[in-house]
Amino acid sequence: MSAPQTGEAASPLQICRIMWPDDANVAGNVHGGNILKMIEEAGCIVGTRHCNTQNGDRCLAALVRVEKTEFLSPVFIGEVTHVTAEITHTSKHSLEVQVKVMAENILTGAKKLANKAALWYVPCSLQNVDKIMEVPPIKYASAEQEEEGRKRYEAQKMERLETKARPEEMMPSPPNPEDPPKEKHTVGFSQSSLIHLVGPSDCTLHDYVHGGVTMKLMDEVAGIVAARHCNTNIVTASVDAINFHRKIKKGCVVTVTGRLTFVSNKSMEIEVLVDASSVVEAEKGKYRAVSAFFTFISLDKDNKPLPVPALKVEGEDEQRRFDEGKVRYLQNKEKRLSDKMRGQ
Amino acid sequence: MSAPQTGEAASPLQICRIMWPDDANVAGNVHGGNILKMIEEAGCIVGTRHCNTQNGDRCLAALVRVEKTEFLSPVFIGEVTHVTAEITHTSKHSLEVQVKVMAENILTGAKKLANKAALWYVPCSLQNVDKIMEVPPIKYASAEQEEEGRKRYEAQKMERLETKARPEEMMPSPPNPEDPPKEKHTVGFSQSSLIHLVGPSDCTLHDYVHGGVTMKLMDEVAGIVAARHCNTNIVTASVDAINFHRKIKKGCVVTVTGRLTFVSNKSMEIEVLVDASSVVEAEKGKYRAVSAFFTFISLDKDNKPLPVPALKVEGEDEQRRFDEGKVRYLQNKEKRLSDKMRGQ
Amino acid sequence: MSAPQTGEAASPLQICRIMWPDDANVAGNVHGGNILKMIEEAGCIVGTRHCNTQNGDRCLAALVRVEKTEFLSPVFIGEVTHVTAEITHTSKHSLEVQVKVMAENILTGAKKLANKAALWYVPCSLQNVDKIMEVPPIKYASAEQEEEGRKRYEAQKMERLETKARPEEMMPSPPNPEDPPKEKHTVGFSQSSLIHLVGPSDCTLHDYVHGGVTMKLMDEVAGIVAARHCNTNIVTASVDAINFHRKIKKGCVVTVTGRLTFVSNKSMEIEVLVDASSVVEAEKGKYRAVSAFFTFISLDKDNKPLPVPALKVEGEDEQRRFDEGKVRYLQNKEKRLSDKMRGQ
């Protein structure tokens, strides 16, 4: 993917920082969620900067979608991550940012590609957060490049509409700690929730949570589910496309729930649902803000993949979700294979 | 403790999260203060949500008291703690939340009861923090249950009044660095302070410090005192009832001081005093915001209690505090014994 | 300052990130201490990376000195700071890193120079933290450039030796709470301390506190002193050279104390002393780890400097420190003037 020609404001941006103990699990692996948070921070900067290069209200680039992304190699405490973000397509009201994450071991000098992602942003006016601003167009290196971008734009637009039309997956009922323990390796056994009260330090320029903060929580709950299922060191392998349906405001309570949907020999697919409700405006009720599928793998001490225990599926709903997960798994596998054969 | 019948808003709330290295001491034991902070977060959410189910100003449930609580089993890094909070009594202007903490080893599946606590909250208007709102009543399962709640309410109210009436314990004079070093195992030897500037992340919906943040600092200083006295791995065993006399605002400097008051064969009682002062409104002076007694024990490598070095008491004041501590120690011991005999 | 020719490993490094509410004071001004922390993180990365390009033990670049630095313009929440670090001189056992901080308003596109700093690092073996490794030499663009670097190296070396030889300034005696309150605008009135327990998230690759973490605490306490003296919005204007005499290990309690030494019409000089002591090895006693002079100014609502109340000096020691501070103030003023005339 070569970059389109862009003006100064749309020029690539690089974020980098040392990974601290707080960023990693006990095995020293940096959480995928922290990588996603850095990716989103870079995307938000480059997008916001670009959308403010015209007259009109000041605005903030708000994340509406992250395309499917894979974690290509693990990152460790003490390594330096370099996140490069670049605007690669603009439509009238949205823009695409492509992001690359390199991890550098500053002791050995070794560098590796850790992640590649594509994010879609929409500029929201800071005066009125519901007003979507126009996006200044970028220049493309070639007509082909522009055309490819347009195709990606159309594809994600359709997919986002579809997701909206789909009946909302019921929120799983939280397990009562006094219930008898579930049978091991069932869906109910590993289902988990995190609940977080959105505070000022989750927000910057307006009073809404950054998409990166939400993704970090989602990855955290998916990690708990995966660890419960296989009792080993687990890491994020990939995340399916995430759509951010609705914004989450400061003062909301966010419930992030994860449950296994599908398990292959060496991977687990976890569905994560994010529901928000205002603490002080209870009458507004809970609403679904985000949902996504995370894939985790289990690693041994040398960071080699371990087999994963089979999932004990119970009931029709679990079976349906399992079958749907299997379809996604096989599609991804096929796509990886064909990408490889095309030498990509 | 069976739950009263409640509407949706008063329904139990469950918070859960993984314990990180930052939550624990070097031996891997999660600080009691972090458990207290989670307990308070759950209580604040469930209380705030309930108090906003009626018309009138939006309000926040502010912590005014935590009943005596015991740490029943140690929690370790990597474990998942589940905190369940439920409103169990309401008076006109306050409500009681009972909280239970389970710790789960997600690798082995083992669960244990880590803590049980009862907290009292008062709803403060977000428009005017000094205006106390009314609390919507909950429904009780039985008249007995309501009656028991009322008794707990009256008991804590009396105790809070008593604490207010008691002459304020003078802040221990900080050690003068030019003095010769104190003798080991004296009160002065292990007396410690932490001083912290209240920042945005210590507060959430209004500009006041969460009770949980204060309790975490209190536990931290008590841990330093205990470690200085016995030079071993120490953990929080219990905390006496804590009354939150006055609120602490963002921008205040908080001085948290701990000193040994009493030492038995296997436990240390540490008095912790919290004083706050505004940085920019010096004329208001320092004020005592909170005070409490923490009990710590010393553990060997297998988490078995170790003997604690005797306390060298110097002067009348230290002797008086030692004798008062001994009374509390014997009362607690007796109470634990009678609870046990009643099969609780 | 033009850059020397350097190999890949010594190439400039750029760190950048959004400023969050937690990074700033209530007026929205990002704390100078957070800028210093980012500067040190960039310096540590570029230094560590360079020192590991040779055979021998893996090592970490440990901060030993920061040259006098000025905060040229305020930075605000939501702005993006870009920190560029570059190795500009190497001696056998130390290296100089020059760092530049640009702040960018991503809404308006405005950029401003926020800080320029020079830091000295020494590579410590990760196997044995007391073993100082050799620094691989860099290539210089010209003999002149090398010569200038050598002069800076000699100058800072001499100054560090001098600081060591100087009798250690006694730690200011903490105020006794039973004393009557101090008179306003005296040294004693605004003297302040912070006390912090060093945790895992203050350290990365080894178990010692990062210099940047210490500088952040120092700036925080200096800010409290300044706010107490003039009750207004205050910001860091400059920091005199800081020498890091001794390392601070995980598990230490750090006492950071600040007191006014000199006040001019529009600025305050605050001396900050950092003392560390191990919690469990009390016999080792407290030791002075760092000391420095911070200069703060007071700002009105439009970020224009306000007059500062005069300092009421009491006793010989305070007068001596005041006179010494005045000498530093006049020297700095003269230097700024001559720099200006040289058009630098």
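Letters A, B and C mark the chains as written, and numbering starts fresh at 1 in each.
The rule is short, and it goes like this: a residue touches a chain if its C-beta (ideal position, glycine included) is under 8 Å from a C-beta of that chain, and two chains touch if they have at least 3 such contacts.
As the structure is a computational prediction, the values presented were derived from the model and not from experiment.
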| item | value |
| --- | --- |
| Type of chain A:chain C copy interface by residue overlap (half), same or different | same |
| Copies chain A and chain B - rotation angle from C-alpha fit, nearest 5 degrees | 120 |
| CA centroid of chain A to CA centroid of chain C, Å | 37 |
| Interface hub residues of chain B, defined as touching at least two other chains | 21-22, 200-201 |
| Contacting residues of chain A [partner chain B, same complex] | 21-22, 26, 174, 177, 181, 184, 192-195, 197, 199-201, 220, 223-224, 227-228, 231-232, 250-251, 253, 279-283 |
| Residues of chain A touching chain C in the complex | 9, 13-22, 41, 44-45, 48-49, 52-53, 58-59, 77-78, 80, 104, 106-109, 126, 200-201, 203-205 |
